[in-house]
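Below you'll find a set of structures to go through.
The same chain A turns up in both complexes below, where it pairs with chain B and then with chain C.
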Partner chain A sequence: MEKRVTFSRSTIGILFAVPQLLLIFTFFYWPAGQAVYWSLTLQQPWGGGNIWVGLDNFRSILSNADYWNSITASLIFAAISTGLAMVIALVLAALTDRQLAGSWLYRVVLIWPYGIAAPALALAFRFILAPEAGFMAVVNRVWPGFWDPGLDGADAMASIIVAFSWKYVGYNFIFFLAAFQAIPRSLMEAAAMDGSGVLRRFWDIQFPLITPTIFFLLVINITESFQDSFGIVDIMTSGGPANATNLMVYKIYSDGFKGLDYSGAAAQSIILMVLIVALTIVQFRFIERRVHYR
Partner chain B sequence: MVERTPFLNFFTHLILFAGFVFCVAPFAIVAIAASHNLKDVNDVPMSLLPGSDFWVNIKTAWVTADLGPKLLNSFIMAFGVAAGKVIISALTAFSLVYFRYPGRMLIFWLIFITLMLPLEVRIVPTYAVVANVLEPYQTILDLTGLSWLIEKVSGVRVSMSLGLLNSYSGLILPLVATATGTFLYRQFFLTVPDELTEAARMDGAGPLRFFIDVLLPLSRNNMAALGTIMFLWAWNQYLWPLLITTDQSHAMAVTELKQLIPNVGGAPEWHIAMAGTLIIMVPPMIVVVLMQRWFVRGLIATEK
Partner chain C sequence: MASITIRGVKKNYAKTQVVHGVDLDFASGEFVVILGPSGCGKSTLLRMIAGLEEISDGTIAIDGTVVNKLEPRERGCAMVFQNYALYPHMSVAQNIGYSLKVSGVPSAERNQRIQAVARTLELEHLLDRKPMALSGGQRQRVAMGRAMIREPKVFLFDEPLSNLDAKLRVQMRSEIRKLHRRLNATSVFVTHDQVEAMTLADRLVVMNGGRVEQVGTPGEIYTRPASRFVATFVGAPAMNILEGTVELDGLSLLGGSRRLAMARAGLPVGTKVAMGIRPEAVRLVAPGTPGALDASVDLVEELGAGRVIYVDLDGAPFSVMTSEAMHPEPGSTVGLKISPDDMHFFSSETGTRLDVFKTSVPEPAL
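Here is the complex of A and B:
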């Protein structure tokens, strides 16, 4: 869509865009280019600039078992937490959309978790799920040794998944509810007149009409699970025990800033960037399809 | 709804109530744990009746993590990011929508691409840039031979350097450098009727006057929505402040949480940790509750 009426002084027009362009050049394009450069070179240990090593950094990363472990952990985390957060949010939104008495309360409250900083909720969940105090300790009294995120990788993974899903249920809920409310009431009422029950109406009318939202949230949730997980991992598990929760962004951080391996971290960043861009392209294709729907 | 379904209604209420408990329980547990003393908070199971040490714990957490200045820093940073976004995105969107100049589509795509790659994935090189923001320009001058030329002509050696580590601008600027708000404004500007522009031009208003007197007042709702979202987003940033602020005087409240985690082997001071968590949770919660309308609107509008 374009404006019919515009201003003719193009110099002023460009000037308006200059601050943004300066910012994204300095803090986006330059660093992104730098990451590509670093990923293809190796820094000398005693200074003296970088030497060109081609794809060696990628080769050494991709042949490293730790890295594959990190990818696997990220994918498990993304799959389970996205699934949990979306299914719970979908059920809650569908039920809130039935607009029974008191549904305004849920509309207000269910959004709250999304406002909380990931590290703050991580600390809260670290207490709630602590093996010696808090609430999982009760379970440990009954079955000693059942739950210990500090020692058992699966337990640690479960705790970061719970914390992340808790936050994103609220986020997904907002979008699902908006999508449900955009469906014309008359459609639902006509279906009800024809004798379809609540479940049939859900599967045959509501669910098909919100599929674009589902795809959209799927992509957003997966990309967020790569980024927003950093605070949760750092506070709850620090990537442990035995790298069981060493997700990709956390590994970039610890290799780059603790291990000071800039080239390796840059190569990992490039792989993550490619992954996220691929996901975003998929998302845009679905957004195109959504335009066709209407 | 349209028919009577008493059983289903009962289950609807039941499930929604479970969802409500699921969302509120962590808040409640944090608040209750923050009111216990050391012994009670480590009871298994912890008592769900509030204890009496709430204010004592809040005060201890406040002093231990030195939260006063940290909260102030968080506020400055979050306001800075929100204000920067609201202003710069409006300027850019105005330029993209209301002018026709060569390279406009290129600029559009250059900005659009920044939506794809969040700060977290390009964190290492961005850190290097912030350590010396003028480095890109220095490199460009060196590579194009301009700095050699300047040195020959004026005898001055060009070496620019400006470090932004441990400064508010270093914290804020990289977070502003994405496209989130630009497209929100763009969508809105495209819906502003052309007649308004025509009328303004007829009355002799130039682009600047039209922008300030017509467009900005019209986009007040957008500003509120974008400002709310960006404030929360900036307040909740963790990785970036953690890297940039090595100096305590610029540390953020959220990054201080780590100091409150009870050490292995030390006394399990969960009541203090939870009191600190509560203090850090409260400001964004107030924003969410008070600005709920703008928050929801901003979320849905910025992501589409």
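Here is the complex of A and C:
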């Protein structure tokens, strides 16, 4: 008797796929389609129909200096926070992989931050980085006026970068550690026999062999820094001061739900989506070539 | 070329001790094989020589220099790993030349040496390939090349042939032997395969349970095993062991159900012994022959050049290897003729070899 599960007709297979397809359609394609439609119309904030305006929404957004400022802020945020989160996680994972004293502690502790919701950790960092009472107050006492994210745009940007990186260090760490541990120990031993020291081994053997993971995390981190930054910005800076931290994802929210410009917000969503898609394509096109898949 | 001196070397992992005080001397240029079952500490010992494991106690000296505290790269050893451990992202040439690159050899000289090694190992046409695109035997050769190019004082082999198929294994075995004859570097080869061990070794070290059981040439180990463990571990099929007691004019076997008449066993009467006899030393005779043991045939394994005949001796398993044109049927009865000269005696309690005064030595007064 045949023990495998077999399907006599392909319809059964399709039936199995239907729930998933339904979910994807309802929660992804349909809203995305709605956003595209809204971005091409002028939507009334209190209901009551809409007017087809074609690409007018996009024209007005792209001719707005505030919006370009928001794109620049988002790109700066993405670049620095991704860089920080990945480099710190890579170093920590490399040290943990070497089984240095206390490595078991990092392994547990470093995974926790990713489990914390962005608004919760933003609140924590708001206290830690408060200029008048937190940890930075001590620095301010030594150099008065050194730190004030409420007034200085650069300080505010630094705050949200620190909070975001802190969360993603944990996430990246798990992947880096797994990648390091997937490298056969004998490879490292062979390199040691070949006369290669710790750092040399890292650059010559470990680093090339974890490039698939680095690439994966790069794509994820950049994408998430455009999207997952919302809660942190909302709690810590609300986009201020003077729009210095008004990232694209936050501007969509504030223009749409505070400014009641649904159509403009929809158009911004489309631009954000296109930007993320474009960045991902660039990464696959130019960086993936340097990846060694085993 | 270098001698290796191992003195009282022990290895502990947390609370378990895996190597219990090993003393060994390997002469310069010697090909030593460390043989033992898995978990006997042979690989650990090799890795301690290489510097990949810390030495818990005792000293290891290469060419008279104690290397306990030296990094692997400072010891002048090269190692071939069981899984080859080739760098998957480097080409064959890069793999072979990596150690030279690390030590800063200029690329012109490096390429020249890579070419020379590749020529020796017949790898020239594969130099640009990645390890993924190589067969098992080719990977093995690359791993050898990587070890050779450094012209090390000591070659260490950690079961390098165990991932190859039987035919390749035989071929690589002879290549390793030839290579050793040419390079003449001290080589330490770890294996659990006794055929590999016997064929390769100048000298054989048999290990069991973290201790050295016996050191000697393959011939010595085969003909005069120092313990019951060595006797049954070396040789295929394994040596037969029958428990028995020494009597005045023979040997009482298997709790007294069988007797072998012997002029003298050369051991004090009443000694409890484990009598060992190699399957190839037993002669098959017609059942009922005086002085032979009768046994019923369980199974016959045809090897082409000979046969292994498994017989049942009152419940004890026993094998006989014969190349004679005898084809006993399973279920039939055969006679087993065992010459006292071929017998090995081991202490029933400790398993150590009991020396038998076979000839010309006066028998101790009873």
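Side notes on the structure shown:
In this text, the second predicted complex is superposed on the first by the 262 of 294 C-alpha atoms of A that agree within 3 Å, B and C clash if a C-alpha of one lies under 4 Å from a C-alpha of the other, contacts with A are read in each partner's own complex, and residues count from 1 in each chain.
Throughout what follows, a residue touches a chain if its C-beta (ideal position, glycine included) is under 8 Å from a C-beta of that chain, and two chains touch if they have at least 3 such contacts.
Just so you know, these numbers come straight off a predicted model, no measurement behind them.
In the superposed model, A:Ala124 lies in contact with chain B only, and not with chain C.
By the touch criterion defined above, A:Ser196 reaches chain C but does not reach chain B. Residues 189, 192-193, 197 of chain A contact both chain B in one complex and chain C in the other.
Looking at the complex, you find that chain A touches chain C at residues 184, 186-187, 189-197, 200, 204-205, 208-209, 292, 294. Within the complex, the chain C residues that touch chain A are 50-52, 71-73, 77-79, 81-83, 85-89, 98-99, 102-103, 132, 146, 150. Across the complex, chain A is touched by residues 1-3, 5, 8-9, 12-13, 15-16, 19-20, 22-24, 26-27, 29-30, 33, 41-46, 88-89, 91-92, 94-104, 107, 110-111, 114-118, 120-130, 133, 136, 173-174, 176-179, 182, 190, 194, 197-198, 201, 206-208, 210, 232, 235-236, 238-239, 242-243, 254-255, 257-258, 260-261, 268, 270, 273-274, 276-277, 280-281, 284-285, 287-289, 292, 295-296, 299-300, 303 of chain B. Residues of chain A that touch chain B in their complex: 1, 3-10, 12-17, 19-21, 23-32, 34-35, 38, 88, 91-92, 95-96, 98-100, 102-103, 105-106, 108-121, 123-128, 130, 132-135, 137-138, 141, 166, 169-171, 174-175, 178, 188-189, 192-193, 197-198, 216, 220, 223, 226-227, 230-231, 234-235, 249, 252-253, 256-257, 262, 265-266, 269, 272-273, 276-277, 280.
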